[in-house]
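Read through the structures below before going on.
Next, two complexes with chain A in common: one pairs it with chain B, the other with chain C.
For the complex of A and B:
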């Protein structure tokens, strides 16, 4: 019975997050070549590609996309590896590990708004330094954010993605014998940094390939963060395409589709190039393995590793602090370090406007997280059953497919999905909105839960089965309660992923649904800073509350169980 | 209840791990199969209980009171298995661990009484509310056996359950386990590599694939 039910989970899950991508891609490709019957366009043409390539903003927008995506992915990897290598046995890493869930929960848009409030010409940092250290009585003429080179977007993406890379690397490192390898290397006279370079990183890098693909693809296709912190006129290619898709002239959707397809091509080429570079680096480093070099001058780079960790946590805390200040500020002129007068009126005004989006975000996020959890647990439990029953079964061969929604740019298939939904008169419904969020929630849940679920000592479940004589009871009473901590954690993560969805809400919801993220992004560009602060804080606080609950619930349940504390 | 193995062997790629095993375990008797590590002792127990890794295949028959159990899934064979590790559920207290083995239809008051009754058997009166993490190794081992017995198994398999206990505790616990099984007339098959652990029952040896 249990086995029969579990057998249904992998196909259902695949249907939830792979089929829509394929359908969406086709729905985007056809308009790119002129076929969009809804607009009366039924003949195939390359005119929209011509429009795209002749558009003056496209080359600059493409450069912005490449600089921010490649730069942030490389820097995130470099930072993550440096932090891990140099703080491996230190208290800093334990501290960072504890902060990771909080850092991952921060919505991209709220984080970007906080960073802008810090680094803008009239931002908090310049206010704190002025006029004593800078001599500026007025905001300076240059800006550290929205720079024309897209460097600030690259930096903010780096700060946001590094915790994710560290999180995935920590999960991968559990499968490597890091301590033994390091001890062996040290006994042979290698420095810690060289031991990581020669032994750990070559093993770790291939294991991080798929998460890094996700980071790179996200950087290429991100819209909300790019609109807040990226360059304008032109923005990134994803922002340009998004504007065409939402242009009052509905025929702009056709070159928009061509642009989305170009974005997909850029992503595919980028991922292939990344893979090639990884292979080249591994080949090059393999040659150096037996060089006997035990120390490197490069280790100076690693010294500020603790500083990098502080930067990750510090930037989040500073962004959070400045949002709080703005949300309660009444008057805050330049160069005052703190607001001149305070008020709660913007909270009242913000809440009035955000009440409905708040509840929609909450219910959609909870529903997506819970449904995603059921699907992922079903798939993983099915895998456990197969491991026990099929000789030589080593795991799902199509595992990489779960990354599809993460490595295909959202904008490259969401428009296609919107077209198909309009066709079937299914657009703008809450259930389709929920389903679009699930597409992105499920892969993240799978990524985060598969490690703890697969490493669970299944003898407990089998012992329970022998004692109780049925198959469900061991799951309900033993395995899942013992896994309560990771289950709660990934539910909170699923909620945070759903909350952060901007493009799916806009496209699949056909603009009929306002969530905290869509409202925050829409006001971020030109709204009152105090109101923007309130919006961003509410968007930031909601997943934090859910994360805190996810930590507190198992802690409360197992407050008298020492064995469960040790496991956590 | 009598446990019988009739020409039982376990193979991998059509190569048997040991000669066919035929033995009969009488009620309350503890039969021991000895052998060095890796000879297939634990695999034999996994085969009997119905939890054989799919790379292996089982030949022969396993019977309880003349009824073959091989067609039954492991949860319906009603065979208890005690590992080296006690596998007490860390999220439950001692009483909940023991109560887990009782039928869910039993009224609460009766469940509590049964738990206390069993705890008294092991000299652990008043331990029902205790966290299992606070128990000593010997206490944990006793609770684990009690839990197995509370499920009223038709036979018990012991997979080196004494190997992790210190010497002083080991002799005491082993005597207690054997006498408890005898009192309850449960047939038990033990595998071990240590002859100190053999009881008064028959002892067989698996060595280099030979069963004697």
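For the complex of A and C:
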């Protein structure tokens, strides 16, 4: 009975979320080759590709995209690994792990807005130092943000993505026998750093492949952060393409489609290259196993790991603090370290404006997270039942398709989806909105839950089954309670993913649904930093509350169970 | 299969829609339209970046609900291009009625695109009672929107004029022309900039410079392909080359738009900012966004002026109610409230002469803001150049400065 229900999960989950992407992609590829009948374009042509490749901004924009996306992915991996390796048994990691949920809850745009308010030439840091230390009565001429090399975009993306990589790595490390390996390595005379480099990381890297794919693909296609901290003349390729899709000249949507397709190609090639580099590195490091080298001077580079974790937490706290200051400011000029006059009117206004979007965001996010959880747990449990009969079974072959929405740039398929939804009269409905959010929530849930779920010791469940004789009871009474912590945690993650969706809400909602994110993006366009501060903070606080609940609920549930206390 | 059916279906139903549109225009009285509008919901897609504008629309929604039983929903959009895309998607999917957009805040290029592609309702604005009050005599941009004939397909909502701002605490005499702006930049290196193209703020700055610097500005009112564009634009590019060398970040970075420049003016990062609303600065002083020492100015040779409108898409769900909303937004009461700098400060499209004394008094009561200009200052208005120059400016700017 359970098995029959479970059998339906993988195909349903896959179909509901992949078909639309495919349809949407076709809806973008046709205009890219000149077919857009609504504008009277029906002949196939390569002219839009030519326009794209001859456009003066495209080469530099593409370089910005590659620099920021590749740079931030490599750096966040390096940072995450360094932090994990050098703080593995220290108090810092425990501290970092506790603040991880807060860091993950930060919406990308809010973080970027905070960082700009901090680091701009007239940002808080320079205000604090001026004019006493710097002598500047006016903001300096150089800028740490929006630099023409896209380095600040790379840095901000790195700061934002590193906690996610650490989070995924921690989940993966639970499945490796880290302590045992480290003890073994130590007994053979390897330094801790070398033990990580030679033993742990080669096992960890393949397990991090999918999360890193998501990070890399996100970096390539991100628009909002790139507009806030990225270069302006030109912007990144995603920004350029986004502009073409909104361009007053309606026919720019044709080269826009070609640009979106190019973005997709860049993503696919980048992921393949990443995979290749990973394989090369693994081969190389395998060869180095027999070198007998037990120490390396490289470890000195990794010394400031504690500093790195401080930087992660510090930058988030500082961004948070500067947003708070702005949200309570009335007048704040340069070089005042604190606002010259204060006001609570923006909180009053912000809240009356955001009350409705707040509830819509809350219910949509909770519904998406819970439905997503049911789907993902169903799929994973189905795997378990299959593995009981066929040991070594690793899940359906084509299931990786579920990650497609994370990897394909949103802009490359949303216009196509919009047309199809209007065609079937499905746009502007809450259920459609919910579905569009699930398209992104489900893969993230799968990504973060599959580790803990797969590594659950099935003997507990089998024992319970023997004692009770049915299949539901072991799940309800033994397995799921034991997995309560990761289940709650990924539900919060799913909520945060739903909350962050901007483009899907716009394209699918037909302007009928205002969420915290759409309202924040729209008010950010007006540039009133006091109000933007209020909006960004509310958008930040809601997922933070949900994450905190996700930590508190299991803690309360397990308050009488010593064995279920959080280790470390 | 799915795709090939669309154009045929769209063509047939579109003709039907045009016919019914005309019938409606010919036979129904305004009272009948108002009656039909009762109980309808109007989704007004308008830029949502400004708190004062959002506030104003909340007031309008309350009034409309009370007087006409219309439920006005402000759909806050970041970019009007999104709305054009949505209506385009609806056309592509063959939705010829019951569309998601009832009214859209629009002008210029977006209007031209929607008009050219037949995405707008047939001429309707002359049916509005308040149409009679519009100031056609003195405001040529009410009928020519960025060189596109309005043809009664969008209803005027407010007036705009390129206005510059400076902080009088930091600057004594602001520049009076583009040539003086260059000299100003020499004295204040790194403190002058303008928004990156294709933002329409940046495009407007370029158009202003283009018109001011040319020997014969008349060529810019003809289609661009009728003249030697290289020669015509040479003074502009020379000017920009010189300006960028002295500009904020040496012209390697630009702000995104005017709101960002307003922040930078507040912070002293730059000395001069720009806006399309002459009262923007006064309003920002009242809300604390700018210091009370900020003042505004226009170049003595005049600055670009235009009008912003509201339009109804061809497939609006409630076109009658949308018309009632447009008429209300054009009413003396709504226009006077909009022109009040404590509310929004957006200049009116109405002619004072055509108003009753009572309504005239509403406008006379409005105080000029701390940074406001008097009417004589704003008299010199430059008309928008021919639309074909815009893509040329944009492409060439990107080729030169954004590569």
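Convention: the second predicted complex is superposed on the first by the 508 of 568 C-alpha atoms of A that agree within 3 Å, B and C clash if a C-alpha of one lies under 4 Å from a C-alpha of the other, contacts with A are read in each partner's own complex, and residues count from 1 in each chain.
We adopt the following convention: a contact is a pair of C-beta atoms (placed from the backbone, for glycine too) under 8 Å apart; a residue touches a chain by one contact, two chains touch by 3 or more.
Keep in mind the model is a prediction, meaning the values are calculated, not measured.
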Practice problem: Please work out whether A:464 is in contact with chain B alone, chain C alone, both, or neither, and reply first, second, both or neither. | Solution: first
Exercise. Name the contact category of A:510: first (chain B only), second (chain C only), both, or neither.
Key: second
Quiz prompt | chain A residues touched - chain C or chain B, whichever exceeds | solution = C
Quiz item: Which partner does A:122 reach: the first (chain B), the second (chain C), both, or neither?
Solution: second
Quiz item: Which partner does A:356 contact after superposing on A: first (chain B), second (chain C), both, neither?
Solution: neither
Quiz item: A:90 contacts which: chain B (first), chain C (second), both, neither?
Solution: neither
Quiz prompt | Partner chain(s) touched by A:415 [first = chain B, second = chain C, both, neither] | solution = second
Quiz item: Can you list the residues on chain C that touch chain A in the complex?
Solution: 2-4, 6-7, 10, 43, 45, 47-51, 54, 75-86, 88-95, 100-101, 108-110, 112-114, 116-117, 170, 189-191, 196, 198, 200, 248-249, 252-257, 259-260, 262-264, 266-269, 287-289, 291, 391, 395, 398-399, 401-403
Exercise. Over in the complex, which chain A residues touch chain B? Could you list them?
Key: 388-393, 459-460, 462-471, 473, 477-478, 481-482, 484, 557-558, 560-564, 566-567
Quiz prompt | Complex contact set, residues of chain A against chain C | solution = 30, 35-40, 42, 55-57, 59-60, 120-122, 137-139, 141, 143, 146-148, 227, 231-234, 243, 245-250, 253, 330-331, 333-334, 341, 343, 349, 353, 415, 418-420, 422-423, 425, 427-428, 506, 510-512, 514, 518-519, 521-531
Exercise. Would you mind writing out the residues of chain B in touch with chain A in their complex?
Key: 49, 51, 53-55, 74-76, 78-81, 83, 85, 87, 89-91, 93, 100-101, 104, 131-134, 147-148, 151, 153
